[in-house]
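Have a look at these structures, which come just after this line.
Two complexes come next, and they have one chain in common, subunit A, joined by subunit B in the first and subunit C in the second.
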Partner chain A sequence: MLEHLLYLTWLIPFAPFLVFGFIYLMAALGWNLGQAAGHLSLIGVGISALLSVVIFADVSSGVALGPIEVVWVSFPSSGGPPLQYTMGLQFDHLSALVGMVVGILSFLITLYSLGYMRGDVGLHRYYAHISLFIGAMLGLVYSNNYLMMFIMWELMGLCSYLLIGHYNHKPEAAAAAKKAFLVTRIGDVSFLIGLVVIWNTFGTFQFSAIEQAVGGIKDTMLLAHIALLLFGGAVGKSAQFPLHVWLPDAMEGPTPVSALIHAATMVKAGVFLVARSYPLFVHADPIALTTVAWVGGFTAIFAASMALVFFDIKRVLAYSTLSQLGYMFLALGVGGYSAGIFHLMNHAFFKALLFMGAGACIHAVHSNDMRQMGGLFKKMRWTGLAMLIATLSISGLPLLSGWWSKDEILTDVLLSGVWHADILYFFGLFTAVLTAFYMFRLWFLTFWGTPSHHAEHAVEAPPTMVVPVVLLAIPAALSGLLAVYVLDLPDFLEASEGMAGELFFQLGAFGLGSVSLELAGQALGSVMALLGLYIAWVMYGRRYGKRNVEYLKDLGWAGVLYRTLWNRYYIDQLYVGFCTMVIVPFVRLQARFDQGGIDGLVNGIASAAFALGASLRRLQTGIVSHYAAMIVLGIVLIAVVGNAQTLAGFLDELARQNFGYGG
Partner chain B sequence: MADIPILTLLLVLSAAGAAAALLVPKRYAGAVALAFAVLVFLLSLLLVLPHATTFSFDYAASSADPLHLQLGEAHPWIDNAGQPDHRFGIWYRVGVDGLSLPMVFLSTLMTMAAIAYAIHEPKRPNEFFGLLLVMQVGVLGVFTAQDYFVFYIFWEIVLIPMYFLIGIWGGPRRDYAAIKFFIYTHVASVIMVIGIMALVFENLRLTGVWSFAFADIAASAPQMDLVFKGGVFAALFFGFAVKMPVVPFHTWLPDAHVEAPTAGSVLLAAILLKMGAYGLLRIAFQTFPDVLRTSYSWYGIDLPETRQILAFLGVVSIIYGAFICLAQRDLKKLIAYSSISHMGLVLYGMSTTTGIGISGAVLQMFAHGLISGALFMVVGSIHHGTGTRDIPKLGGLAQRLPLTAAVLVVASMASLGLPGLASFVSELTVFTGGYQAYGLVISPVSIAIPIMGVLITAAYYIWALQRVLFGPFVERGLPMHDLPRNEKVVLLGLLVLIAFFGIWPAAILDMSTPGSFEVASLIGGLTAGGR
Partner chain C sequence: MSDLADLLSQLNASLSDHIGLLPMLLLTILALLLLPLSQVRSFQRGLGVFALLGLGVATALVYEMFAFPHLGFGTFERRLDESYFGGAMVVNAWSLFFSAIFLVVALLVCLASLSEVKRHEPHQGEYYALLLLATVGMLVVASANDLFLLFIGIEIASVSTFALTAWRKKDALSSEAAIKFFLIGGLSAALLLYGISWVYGATGSVQLGQIAAAAPHTTHPEALTLGALLMIAGFGFKFAAVPFHGWAPDVYTGAPTTISAFLAAGSKKMAVVAALKVFVIGFGTVAATVHWQLIFGVLAILTMTVGNVVALWQTDIKRMLAYSSIGQAGYILIAVAVATPDAIAAGLYHSLTHALMKGGAFLLVGGLAAAGVGYKIADWEGLGRRSPGMALAATLLLLGLAGIPPTGGFFSKFFIFATAVAAGDWFLWLAVIGLLNSALSLYYYAKVIRAIYKRPAKAGAKHVHVPLPYAAAVILATIGVLATFFFANLGFGLASEAAESLLTLTSLR
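Here is the complex of A and B:
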């Protein structure tokens, strides 16, 4: 690509941004674009997607592109070049790969929206926000510095907020939007502090400059602080424990939004951030990566357990997303850089498919509740088949895409020397069982058995919805195979950072593994997936609806467990309780203090001055004899207090001057 | 350099506009006032645009010699220079540098916006618009004055129109609020003027020459006694702190805002509060840079460095102001308290005495001017449109008033520091300066606590949006209307500017950064952008 053509790449974020601006400009001028807004978005996103594919083709064939950069803000610095905030794009292997995945999925989901959202009253809002979101996500992926990344990160947060609250007349949607914004904001503050520390440590936000400088910094605890602050941002955005509470509620948004933002792209931004910051994490004190691994590993099993009990199809998928994101962090935390990104890519494909398929089912039966579905396979063959492929893939059945990345993750955990890798490995393995179980529970409840009366009149969704779903089935099944055999993904990714050697050297410090162990681990992973599948088949497939986890409700300790899961471990209640029982009473008290205490003091001073004035006013009676008495009183006072001799002299002088006589 | 006395022209045109608005027939008052405000704004725009005219601000000269005044004018006023008993040395001195220019621009912009917003004011329009333009005279004078006497006169001029705006056009408790506003801020001004007189006499004692000029007094300040300077600093700071306002001197503000008419609230939040912060930076910081790094002892108690005391007050304002917003039921009062929090950020940024922190504080002043102006306007529109500002009585407005709702969402997002809108870069730079000066967690004024204000700010805005705009629509049986045309134009224009300065913060930072780093190096704070 010619050098000046490179500036066209600014269109990747800006084509959708312009569509966003145009839709709202028209709205401000009183012209609601409606469905036409969808076509405009599709064009804008199409341009970005096309460019992202071209960039991937170039980068993977070894063409060096960019970076391109403009100065944004410049600060003087004593005795050095000015320090600058810049905006720039970089096209390395990591951004090219993730950017392409995001571009393709964005295009397909926008296409799907044309069918799914048809007839909505707020279409122009919807497409404007979707466009802004896609531009921001792509801008984040291709950005070459932390500042631009943070800006895009926050814009995505805004879009997420607006889109979760798309049906804003519903109180649940409004509450979910608020929750999503505020919970992720906790992480964002951590990211913001991270930015401040990065700037004051490195004097730049550029990834490449930081990567070069990071080796020279001896204070590994400082680096660990930076890394963990950034990870704090990732925990919020990628909804890891303890900030996971917003994502399941976010399912109040329209289903394409759940597919795009809350499964395939935005929630991956946290994973991407950690991957982008890998040089920092690797050079930092091991506490940084250990924390990542443990938070990820714990969230994986913790979220998977909650996915077991819900009937809302989107909610189950949301917990599944949390759990899979946990896998990705687990991989990054144990040094499996390429495994984490690999799983990110695979998960984006199959989870987007699952959400879009779920959307088709919801569209067909007008309910999110899987108990209202059942038997849909006969009515919706294409959707059902595509969902089956994705379900097999996420469960980790051999040769499908989820299998490749999940096994790589488990192997990496096994080989790493991270603190208690054995427990983490157990978490990962057990999560695999749970995943296969809840995914097949979902599939059987939706597509298997006899249709409920809601599902009897269900029909296959329109082509704009089915085509993207079926198209996605291809990568959902094959992305693992293609990535390993065509792209040679591990090499591809580690070449991108130019840190393959460096990385493995660092990881040597964590621990050693053996080949036989690796093979055993892989086999075990597949066995676990089959085990989960089998249990689901027994409970939900073979004898549909006869014996399932819901019957545990009334069984003693199992009932307690079930209720704990159903109440999401009571964590949401804890947070809500903290807000309503601590924060709100506190601020009410503060408001009273402000009125009564501080302002009371101010008004008290004013009233005291007023009262003083009022009492002194009585002295001003306007009666001459009173004033005369006052004068005499004053003279007497002076005589008593002051020097009597002086007073006498003064009176003498007064008498002589005025009356012409005296002593 | 300048053949045209542009700054005086701005003042004269504003005053002429005020006179014209008072004299023309009632139905033309708004239009005439708007015409003058637009004229003044366009002149100030030419002033700001690089190389537009001979009287444009010279950015290159400003970065070479940041605190050198440009477009300066100086004429003897109460002065008998050359006579044997030389007296008073009061000159009409005005001028701008990179620190005052953003404020001048903000003043003309927001005055114009406020007049356009209120153009249909039915009650005594001549006086209403006349007072708004008198206020513009006052604030422009404050932001350009280079002489203590002139500064103080303009400072007091500002009080009078605001007193009448609240007292005549205000809400039900307008008398209380107007008197409280006047007395409280006037007491503060009187204490400030004691400080100023002490300075003038001390300068006279040291140099033997009468002068009220900022520059002369700053030049002799290094010879003054450190304790004396501490006392004067405290007097000046009290005057500025009440105006900003800084907790615990803030209680006049919610009352004044709640009762003031919308245009009055806009000018109060957007411009008047900035006078305090600007005075602190222009006078207190540049005259007594050494006081900020001094640790005084008071009756045997060793105090921290003065700048740390300021930083602490800033932190208290940020957190206190943000928390109390959560408890508000009146949307306008919520916005009023949020100003306290955001001005706390300005104080905190300045108190870092780092270049990046001070330039962030100046940017925050500008951004807060635009954003709080827009917020007060949209709250005024909601009040007009629905008949109430009480949050529990509102709900679901997004369905009936989509435009109003969209404006409120964007303005709230801007206020909570969303990147791409005006106040994000200022927050980032202020906290960067805070980290340079006070670290992450090592002291009570480290950034860990004030940065939590960002979170609380998000909480009160997002919660308010949920209750006001979303959820089921609350039927109140009243006729409702979305934005009228003039309000729509003004608000959308402000939102465009909020986005513009968010996308291109260098437009302001190019003015304010050189001066900020110069002030920081006077104080001896860190001057590097990083490390």
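Here is the complex of A and C:
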């Protein structure tokens, strides 16, 4: 539908950007739009979402939507073609699929915000930043070059910072915002260095050009360096170990923000970056993909273990997000390109639902603590039911969406020839048990049993909140089935990229693939999910409130384990310790050098400039004859400059004649 | 009857022969009409609107010629890249680019004048008529291809602006500024004319293409050199290049603020046109003997450094902007010195962005003054709260002047330095000194931004209401400054086209 109106696609990022600009402009003119800002955002995001769906329909029906590009700036370079930076959008299968998921979720979560955020004092701020974020995320997904991607990436980082700190009267929120910004910055620097190396290697930022050129580069270690630098950015943005510490704290932001940015979209940008750069990873030395797989696999089990013990509903979901993102990287790392993107899509749906449902519960009992919930199922049937579906789905119960993608990931791990795929497979399998356990722990604690006294007067949330939650239950349950049987997702993705097949071949060559093993693996995955569910039922469902993981606290070695988990493996403390013991003294030292050395130099130059200014200022006497005299002096000056050569020759001649030496 | 029809068809033929000159013609007729109209008592308020409309039509004409060079226009036939008066005037991409700059500045200034010129003030007709005539002079310079015509254009613009500076003749500061401007202007005009006569003597022609052809074979190279020096001094006055700049700070401070904007943003660019044209075309063939590139390079260094260093000390915003304007002229002089096609395009682009930024900044000062805010930097404290919109515009305009994204000033300055570096040789040093100057200039621009967002000194300071015409002009300029960033490629492309078309003038005899 769009092939003749391709320029309209610029609206995808720009419709929300314009809303952002408009809200800020109005605020600058002293006009606080309040709730109206929300309606404006909804319109802007609606336009983008609609276009993203149309693009998906077009692309999946085989219409080629060529990339659209504008040269943003081109300038002459010394001896070579002009340097050009283009901004452009590209619509291939990857961007069409992810863009549609982002578009739909953005729209639903903005709708949800209308209910959740009602009555907040900073509404115009909130909606302006949400719009800017959505524009940037969609811009990132559809961009056709690394530079634009990086700009959007940084914009999202800014929005994430602003939105985590939205409740700026809360010191924890301000601290969490700062932490998120600083920690992701580490990854951003890596990404930026990667960009520089890319420019030096390829001379372009265009994905298509890089994809074509990458095969001709024989230095696989160079490619591995590029790939790992990009992956460094992904580790920061997608909160993988060891940069995972910011995401749980980011839950201080408003719940729709957690749902949109810190579960469904922005944290997926890292996965998307790796998927986008897949040609680089594939052609690079295997160390690159192995690193991706191991970081992902480790984060999956590591984060899932921490999700076992917390009572803050959003924190449990945050650790779950970390763990699931780990699954996606694991998939990409073992060559399961389509499995990774498949899980990205499924996870976006059910995790957004879970966050929005959690938000509805928080809205109802005014607390994040699951111990103050309980028995909510009777009060909030719609929310409870939707959350149950999502919980089943993320746990990987057969035929629900999580099952499809998780199984595909586990199979890909099993078949791959990555270094110690057996350990990674075990990580994946064990994570599946943990996932089912902590998710049902969450559901039972929240919805099952008898209500705590906080929860007694809980009522279902307003329709603007419930409707998106219930609507999302459909894809949360069925996206896997639809993707496999309607879209034929693996083919869909691999056909577009034209490299995944090649990759499977490469890795499969030293893999240990066999069909029976694959079937056994699938069965095993489902059994693991059921096992986790059963333990949760025994501990939290059947005898609600009687048994809890925190009983472990007093049980010898189990108590040590429990405290380790509760303290998040002491990693945050480790970082703080490192900062205070190493970084701060180092910075102090630098500050001393800076204040003494650099500042002294700068101040010296500055005062020299000021002194020069003070004397030149005296030329401005205000007396016309002085100005005229200056003009005459100026003519003499330029006469000297213009005839410097002649003068030099003349003086030379003079010297030779009088003193007998010279030129 | 047939006589009349004859006359009309002759007129039509004559007009269609001179279609490229239509904007100048239109504005001249309008200026002459404004004088009798101003005697109609009830039409006082309409004068400004009338002038504004005229400028709007002229701008539209220029746009039309630039954007659709191949389209016929009404009953007239398109005449682009066409020379008039035997080659004395040429309308092409180059002249249209500058015409567009001049007209946009004139439009903004005229718009702001609607509130600067108060209802009861005398001589309103003269004000607008002179503004239009000054614009006509600038348009003549933009398309002149002949030293005499160049001189005439410069003088039309200069004399009009002398009078405009003195327009509030009861205001002592304004009159003092005008008389300084006039005296120094007179001296410079004499120098310029004297230079032209030497060049004529050496080459036997005043037409640029012919000068270029004759210059290498002249029997009096020293006459040519002398002519060049005197002309540089004459242009240096218009440019406010150090050491020919003495008048500029006094005049920019004393003149009505709209006129300061007009001088700094518009009429200064006239010297860019003239210098580039005369030296790249006329003296292009004798660059090796006249050393005009070296002279412009030295002037660029002096102009940048003096402008920026002295600006550090200013506490009056108008005066600070005046020195900043001198500093910015220094950057453009780099492009004149380098004089490769890319560098010329960069200089052109900086002329455009500077016109928007400096015009916007001066008009903002005027608008705030009209709203009761003083000219001292200290008076702007707390503006961020008292007028958030204008504070944002001020921030963007000042960032633009400092050359920081997201403003066109970033790219235009970057292009100038990049092309200087690309040209290699000693031009590299111009870029280095330019960069150091840029760093220095940030201090005084940032000082103002800091004041704007400081808490107001007096608690409960009132909200500032900038009059609508002023606010509109400032907002338009600010949008322009942003647009020249986001659509830099488009703008730079147009500038390149203009620079290319300048170089084709060589072939015109």
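By definition in this document, the second predicted complex is superposed on the first by the 569 of 663 C-alpha atoms of A that agree within 3 Å, B and C clash if a C-alpha of one lies under 4 Å from a C-alpha of the other, contacts with A are read in each partner's own complex, and residues count from 1 in each chain.
We take it that contacts are C-beta pairs under 8 Å (C-beta built on N, C-alpha and C of every residue); 3 or more make two chains touch, one makes a residue touch a chain.
Only a predicted model underlies this, so the values are computations on that prediction, with no experimental measurement involved.
A.B. asks: If we overlay the two complexes on their shared chain A, which of subunit B and subunit C does A:A639 touch? Say first, second, both or neither.
C.D. replies: Only subunit C is touched by A:A639; subunit B is not.
A.B. asks: Thinking of the overlay built on chain A, is A:L29 touched by subunit B (first), by subunit C (second), by both, or by neither?
C.D. replies: Second partner only.
A.B. asks: Looking at A:I598, would you say it contacts subunit B, subunit C, both, or neither? Reply first, second, both or neither.
C.D. replies: In the superposed model, A:I598 contacts subunit B only, not subunit C.
A.B. asks: Of the partners subunit B and subunit C, which touch A:V584 in the superposed model: first, second, both, neither?
C.D. replies: A:V584 sits against subunit B, while subunit C stays out of touch.
A.B. asks: Determine, under the contact definition given at the top, whether A:G613 touches first (subunit B), second (subunit C), both, or neither.
C.D. replies: Once the two structures are laid over each other on A, A:G613 reaches subunit C alone.
A.B. asks: Quick one: is A:V486 in contact with subunit B, with subunit C, with both, or with neither? Answer first, second, both or neither.
C.D. replies: Neither partner.
A.B. asks: Answer with first, second, both or neither: which of subunit B and subunit C does A:I631 touch in the superposed model?
C.D. replies: second
A.B. asks: According to the stated criteria, A:W72 is in contact with first (subunit B), second (subunit C), both, or neither; which is it?
C.D. replies: Touch status of A:W72: both partners.
A.B. asks: Given the superposition on chain A, which partner contacts more residues in subunit A: subunit B or subunit C?
C.D. replies: After superposing on chain A, more of subunit A is contacted by B.
A.B. asks: Just subunit B (first), just subunit C (second), both, or neither: which does A:F202 touch?
C.D. replies: After superposition on chain A, A:F202 lies in contact with subunit B alone.
A.B. asks: Indicate the residue numbers of subunit A shared between its subunit B interface and its subunit C interface, in ascending order.
C.D. replies: The answer is residues 28, 72-78, 606 of subunit A.
A.B. asks: Tell me, which parts of subunit C touch subunit A in their complex?
C.D. replies: Interface residues on the subunit C side: 179-180, 183-184, 187-188, 191, 225, 228-230, 232-233, 236-237, 242-244, 246-247, 249-250, 290-292, 294-295, 298-299, 305-306, 309-313, 342, 388-389, 392, 411, 414-415, 418-419, 421-424, 440, 443, 486, 488-489, 492.
A.B. asks: Spell out the part of subunit A that touches subunit B in their complex, as residue ranges.
C.D. replies: Per the touch definition, subunit A meets subunit B at residues 28, 72-78, 80, 82-83, 85, 147, 150-151, 154-155, 158, 161-162, 165, 168-171, 173-175, 177-178, 181-182, 185-186, 189, 192-193, 195-197, 199-204, 225, 583-584, 586-588, 590-591, 594, 598-599, 602, 606.
A.B. asks: Which bits of subunit B are touching subunit A when the two form their complex?
C.D. replies: Residue positions touching the partner: 63, 180, 183-184, 247-248, 250-252, 320, 323-324, 326-328, 355-356, 359, 396, 398-399, 403, 409, 413, 418-420, 424-425, 427-428, 431-432, 434-436, 440, 447-448, 451-452, 454-455, 458-459, 462-463, 465-466, 469-473, 492, 505-506, 509, 513-514, 517, 521, 527-531.
A.B. asks: So in the complex, which bits of subunit A are touching subunit C?
C.D. replies: Touch residues, subunit A against subunit C: 27-30, 70-78, 606, 609-610, 612-614, 616-617, 619-620, 622, 624, 626-628, 630-631, 633-635, 637-639, 641-645.
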